[in-house]
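Listed below are the structures to be examined.
After this come two complexes, each holding chain A, first together with chain B and then together with chain C.
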Partner chain A sequence: MIVARSLGNKEGVKIRQSIGKSIPRKETWEKVTGTTKYINDTSGEPGLLHAKIAISQHAHAKIKSIDSSDAMKIQGVKAIITGQNAPILTGSPLADRPPIAIDKVRYYGEPIALIVAEQEYIAEMAALQIKVEYELLPVVLSPSDALQKNAPLIHEHLAEYKRHEDVYPEPGTNIANRTKIRKGNMEEGWKNSDHTIEVEVTSPQSDHAAIEMRCCSAQVLPDGRVIIHSASQSPFVIRRAISQSFQIPLHKVIVHTPMVGGSFGGKSAIQMEFLAFLASRAVGGRAVNLVNSREVDMISSPVHIGLHAKIKLGCSLEGKMMAAEILHLYDGGAYSDRGAVMSRSGAVDCTGPYRIDNVHCDSLCMYTNKPYSTSFRGFGHPELTLAIERAMDLLATRVGMDPLEFRFFNAIGPGDTTPTQTLLDRSNLGDLPMCIAKLKTLIHWDELSLRETKGHLIKATGVCCFWKNSNTPTDAGAGAAILFNPDGSVNLLCGAVEIGQGTRTALTQLLAERLRMEERMINITMEVNTETDPYQWKTVASRSTFLVGNALLNAADDAIVQLKNIAAIVLQCSPEELDVGNGKVFIIDRPAVGIEIEKIAYGYKYPNGNTIGGQIIGRGSYAMRNLTLLDPETGEGNPGPEWTVGAQAVEVELNTREYTYKIIKAVTVIDAGKVINPQFARSQITGAMSMGLSFASREAFIFNDKGAILNPQFRTYKLIRYGEQPEYFVDFVETPHVEAPFGLRGIGEHGLIGMPAALANSLSIAAGVELNHLPLTPEMIWRTIYDSV
Partner chain B sequence: MIPFDFEYYKPSSVHMAVELFQLLQNQGKKPVYYAGGTEIITWARTNSIQPGAVINLNSIPECSVMGIQKDKLVIGACVTLSALSEANPFPLLSQTAQGVADQTARNKITLGGNICGKIYYREAVLPLLLANSRMIIAGIHGIREVSIHQVFLQQLRLENGEFLVQTFTDQYYLSLPFVHYKKRQIGNVGYPLVTVAALKQDNQIHTAYSGVCSFPFRSIEIDQVLNSSSIPLAARIEQAISKLPGSIIHNTEGSAPYRKFVLKQTMADTIHILERR
Partner chain C sequence: MSSYNSALYPVEMEINSEVQTIRIRAADILLYTLRDKFGLTGSKSGCDNGDCGSCTILVNRQPMKSCLMLTIEADGKQITTIEGLMNSQVQNIFAQHQAFQCGYCTPGFIMNCEGLRNVHPIADEETIRVWLESNICRCTSYEEIHHAVKDIFTPK
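Moving on to the complex of A and B:
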């Protein structure tokens, strides 16, 4: 019986390459034809009820009473839920937040009641009829004020809050978390410092400004299953949080996340989901939809964290950095949420990517009477980088060194240790000096004058470096499954959420590379379903391609073994003699002999009908390795698998008559480990630069002295607009991270990290004053100049 | 989402519109006239206004005209700012209109709506103040034509139930030398810190301002000072600022001291350019 077939290709199987190609997104056609379905596109379904949030008009007040009788009288109102009906505390790592305020409100915009009605506008009408009697309390509006000994306490029962991960709140204060870094000997460090500088730098809270407002629906089925649809980065965390908070067996909570319309960290927090569940439970389990208006999305849902930083740096006469003393006061707002972890992350990378042997850092997450913070692209790093890179520029000037040369000279490298005393090598660190060198060439640094005056216009270029570790939990992980179809194509199942970053397409490229298969033969849907898709921690921290990528490579290897085993029987050889590629399993020494995958994907059927094997299903999983918690006294520990490093520059033209400015160029050189899809990588980094420049130049919530937000609309909250963008330049260095798929490093957030610093540095050079406070509006520059005279 | 019920009407004549207004008002429905709707929708969404009825003026033919009639430029109150800039019958007005909001919003915002809005910048009125335009206003007692200076004092002083139908501008003003500056907090879209529109007529510079005080204005005294060419420019500007008709505003766009700084610069630029033309 001849079963082996000639594949009709004397040259053998051509090995395909998928990595490094700019293939289009899998969801391109849906998006460009407007047929993509986002969560709220199904809000018109018959029978669906609608919920709205009534929000607090005070930033800090005791709730004396809530009268919802007028609201309840409105025809079509089904239920009204207040904090008393939902006496639970949520939040991770520190459970400090009731989904609806209980006893007191801690920020302007905090949910005080939830209304369920037949129509969205009825729920909104009723929300306006909720009458609350308050007793006003003094407000705390900055993290520095919150630290004062006599500051009003925002959380009186801090000691009693449940802790899910390592977090160190200090009861009796407004400190939600403190991370300490104690490395080396400070006395020694200062003794060896011939030059020292001190600087205070601030960045404000701001909005994530995703196009799609946060939206969620919930339904409790008669058999007790809870079905949640949510625009989220964390479907598996929603499942766990709903299960834990409401004592529902985990497997009975099913979360669906379709394509998400932008997120930037803002949809990683679990907020709306608690409310949607409470709403559905209050109406007998009927399906309830909850979507934020833009204004509520901006101020009631969690926001981008702020930072007040104090930096003291010292270096030797030659410019070698000797000591750093750093205080970070993160403006976490009314509840800690991921702000606690961001403050830790702000300690881990507090020095920036520089070799400093003596480091003392306290990084605190402070409670204030402002909207609470959650992750924002860069996770605490854009803020800390602004602070340390302003300090670096000051110190370079003090020493009299070129700012890039000073950074190159002090760049951290293999053999050095981080603030958490992790030993670095090429794999876990990448190559910062190479990034700086490439940046220098790209911007013609050596021919560039630092400051070029033409009439009342001054051109200047500011530079900075960045690094970022992911600060994931030590057990963050993911799974992947590969299901073969009888036409030889495969379905890839995984839990990474598509938020516009292109992850799900990039993952098909990793799989195509490993299976040596055409990408069009790999199917992936844009929806994640926690009941049928393998687990993934969350789609955050630029970690999806790493975690899911490793899982799917394991799954691919598992499938390859299965393919070879069955093909070996058919081809009458041993599996070791076989290889897989181009839709076939073939004999390595005789590539022309083999069998098409489609003939064995569901088992192989002999001509007489006998069948061996069955569907090929590859399975794989991966979890972080060798990570440790940080020592609470010294910060020693291993916070994540690797750093991504890079160097950035911004060129501005300042009008010295009006202090307006144009951003002319923005440049990033990043060590990407391995570029999977060049077009995606460039657009991620360019988009991140745009977001960073927008945030740095104009974005900020403006509060009055009572803590009310004065600009909760895009009429007055400024964002960078199309047409204002500078010329963008992106280039890559590729130093593989050995533990990552094909050596890749996270790049989703990193283009943003140094933009505030590079912009502040360029404008400081141009204006001739130290600009240490965001946003860098012309008025801010004017005021700094005016105040310094 | 607008959280209240309201009635909606779209009359096809001036007469029907004013009658409807009176009828609805008598029914206690607190009607409002509607042109582009951008402000009404914004304030209704945030529950800052609760009109019981909305009267859309867009089907009234007189409100949509734009063209020269007997040496006068006639612009209907419902002509959108983008249509106005596109047709460009009055370059200073086109430029001023072009500075309002963004393109998408200007496709909705109308000349009449911008002038009559609650948002206090009302920038489109500045060129009309400078061109001594005449306003055609409809009310229950019929149509009246009146000088802009008689009815626009900080805002358009309409009698109850009246609405702006058209503006008439003498053709003479359309081609005078002009400048328009809009200074914002940052970027190319947003409310003004300072908007200055200026025309040069018979060797005299006429200026009008928005964003400086909590209303747009033209001031004879300020223009007199600015035109006193015997005094050094910086001194003229100091004097002009002492004659502002109200206090300088402080809001999320900018502080009063910074606005003053920007105003001085902008006045200097205005004079500088127009003195040479």
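Moving on to the complex of A and C:
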């Protein structure tokens, strides 16, 4: 019997390294050749029906009647669905939203009817023919107005709404959720404060503006199975939501998600999927495709949340922070959706990454007559960071300290507690002082003059710090399966959605590292299918690589045990004597002796035909550990696995004649725990910085006094374009998070978080006035200066 | 209101080096004819309003936003879509620099660069900026695209 064989490897098995390498995306060639199939790339299929949404032209009104008879007469129209045909309420954590408005409309752009037709243009024509009689109601257009005692009520039946997760609406008001932080003793805090400052800071609602519009198709098969194709960050949540809302057994709902054309949180909400299902159901289950126009995508689908914040901070003579009193009024829009959870997240991290022993914070998600808000990159943090970091700059000036020195002095660290009274250690918190120190070197802080005037041009640098925990459900989890092929390659199955962030490629790097294989030997598709892929909670909160990564490491370990067991029989040794690497299982003490994985991937066949074992399939899963719900009275609890921290800076040049400005430099130093793919990491961070600068400098929905949105197009709603990019500097600190694969921390959102704050701080220094309101347009700067004289 | 479908007009154009004839409605838009009638889905819609550039193709070797062109206007024209490029240098350089994330804007950027090369084989920075301003990428910071484009227009 042949057993041990020489592998012809004299120097033994070199351990391959995959982590820390900038390998290209697996789907590179598809993307540069235009062959990637995004969701709407199959909408030309013959037989497919098309749906369009008719939207409300009023922000707050009772629906007295809907007349769709003219629309129905158009040739090619198959069905028209109104809210009366679908009397359900959706939304998580609080079910407050009908997919199509029922008795009243609560925002301009709300769906009032859904038209199904043979062609898209026919559905579009018909949508314009829907006639609605309204009785107008007074509108509420800001979260502060919504809080007033006599404010019109947007949801009269708040008490009756079903709650799916912990959420605390206050019936009889416009408050969809309130989170309280009560830490320490405020009286004492103020008593010990020699300096105090107060400031109000606002950021408006804006748009995610992924270049791919939201799109979804649905089909109900004769056996009752529901097939959904959706550009989504949460295919498994779609499955649950459709199953729950329409009483369909979970396993009969099958969701496919192909590569997504950008998302930024906007495609984590479930919206189009309900509509596509209703459309298909109305036409006997035929396949129906629903794609937004840009205009509808911007105003009808959920948007980026706004915030009105009031901050009061106090510190001692030496600059030690003593007390913080914070009120957050998040602008959740007409329905709460994830806005309710974002407002909680805004309480959890309300102080920014600073040690403050006495904290009082109320963070509210307010209903307003505006588009509803859902997750946006940073999940409530860019907004709260703008507020707290404006306050930090003011307080530093008041104390007379250098703004970075002041932050360094108060930086939170191991042994401190967060506003939720979570005890911090070196693992669950990144190293902020180190980030600040690196930032200082990177921008030559000590030689830099904060403000430099040359004629009518003023250069200035603003800084800020950020932190973020993930605020995931306490049971968020993921699974992974790895299947070995007889060529020694491995198929990785998992539910993480590829939205451009490079997750699926990065995951192959984690697996390659653990199996000590070449990444090219690991196959992964770019599509997720809820029927065949292991579960994953959602691709959000920069948590995919953490959750799926842990699951796949478990799967790899499971497979390694199987490989060793078979190899041990073939090599006549014990499994403990074996190791796996470079496509082989080998004897640790004699690395030249071993067997190729391809010979045992489907079991090992002896020369006489006898076979042992079978296909090697590794399985693994992981769920969040030790997280707790927050105490509703004090906010005490453990909101997530770790805080990623970082320090950022922006340098601007302000033209004091026109108040236009150039962003010259933008800098991020972030504690990434472990950088898996340096090129992806940099690209994620600079991409996020760009988005943050774009939204801080120009992005906002413009409403008229009736609540209509006046700029629902990229022509009027401006985004940063090529040529406007500043010079980017990115650097990393690596303090491992022990629970995470190879110590990594979330980094997908974080580049964005401090950009509005650093930009506002730099422009405030340059302009010599306090700029506390986004967007920081030349007009806004001019008005602030003009108002202050 | 029943005559949207009735009038169809013949159009002949060369798409990716093949002559094609097709009957279309007067209101048909070139982007959707290419996508729905010819399966050339590499050209993307991001606004249908000329604002984002993700639908950029070449018409007679010059870049054009195909959402702004009626199909009937393409009669007798020579059209190139991303599918018509065969491993071009621009594609290779975009791949090398990983000048994309989600990739949705990428065909538009690549076609615009191809067009720029046809018109200005040695474009300077300012020309590049003016041309590429017409495309939006929401994922990247444009830094990677900038590096790729610099590489394309640096004489080798």
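Following the convention adopted for this analysis, the second predicted complex is superposed on the first by the 789 of 789 C-alpha atoms of A that agree within 3 Å, B and C clash if a C-alpha of one lies under 4 Å from a C-alpha of the other, contacts with A are read in each partner's own complex, and residues count from 1 in each chain.
Heads up, the rule we're going with is that a residue touches a chain if its C-beta (ideal position, glycine included) is under 8 Å from a C-beta of that chain, and two chains touch if they have at least 3 such contacts.
Since the model is a prediction, treat every value here as computed from it, not as a measurement.
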| item | value |
| --- | --- |
| Partner chain in contact with A:A209 - chain B first, chain C second, else both or neither | second |
| Contacts of A:R698 with chain B and chain C, given as first, second, both or neither | first |
| Partner chain in contact with A:W782 - chain B first, chain C second, else both or neither | first |
| In the superposition, chain B vs chain C on chain A residues touched | C |
| Which of chain B and chain C A:S293 touches, first, second, both or neither | both |
| First, second, both or neither for A:L275, with chain B first and chain C second | neither |
| Contacts of A:V199 with chain B and chain C, given as first, second, both or neither | neither |
| Which of chain B and chain C A:L710 touches, first, second, both or neither | first |
| First, second, both or neither for A:R721, with chain B first and chain C second | both |
| Partner chain(s) touched by A:I74 [first = chain B, second = chain C, both, neither] | second |
| Chain B and chain C footprints on chain A, overlapping residues | 121, 125, 293, 713, 715, 720-721, 723-724 |
| Complex contact set, residues of chain C against chain A | 1-2, 4-5, 27, 35-37, 39, 41-52, 54, 81-83, 85, 91-92, 94-95, 98, 100-107, 110, 129-130, 132-133, 135-146 |
| Complex contacts: residues of chain B adjacent to chain A | 1-4, 42, 45-47, 102, 183, 185-191, 251-255, 258, 261-262, 265 |
| Chain C-touching residues of chain A, taken from the complex the two chains share | 24-25, 27-38, 40-41, 43-44, 73-76, 121-122, 125, 209-213, 259-264, 293-294, 499-502, 679-680, 683-684, 686-687, 689-691, 713-715, 719-725, 728 |
| Chain A residues touching chain B - in the complex, by the definition given at the top | 120-121, 124-125, 127-128, 293, 295, 657-658, 660, 697-698, 702, 710-711, 713, 715-716, 718, 720-721, 723-724, 777-779, 782-783 |
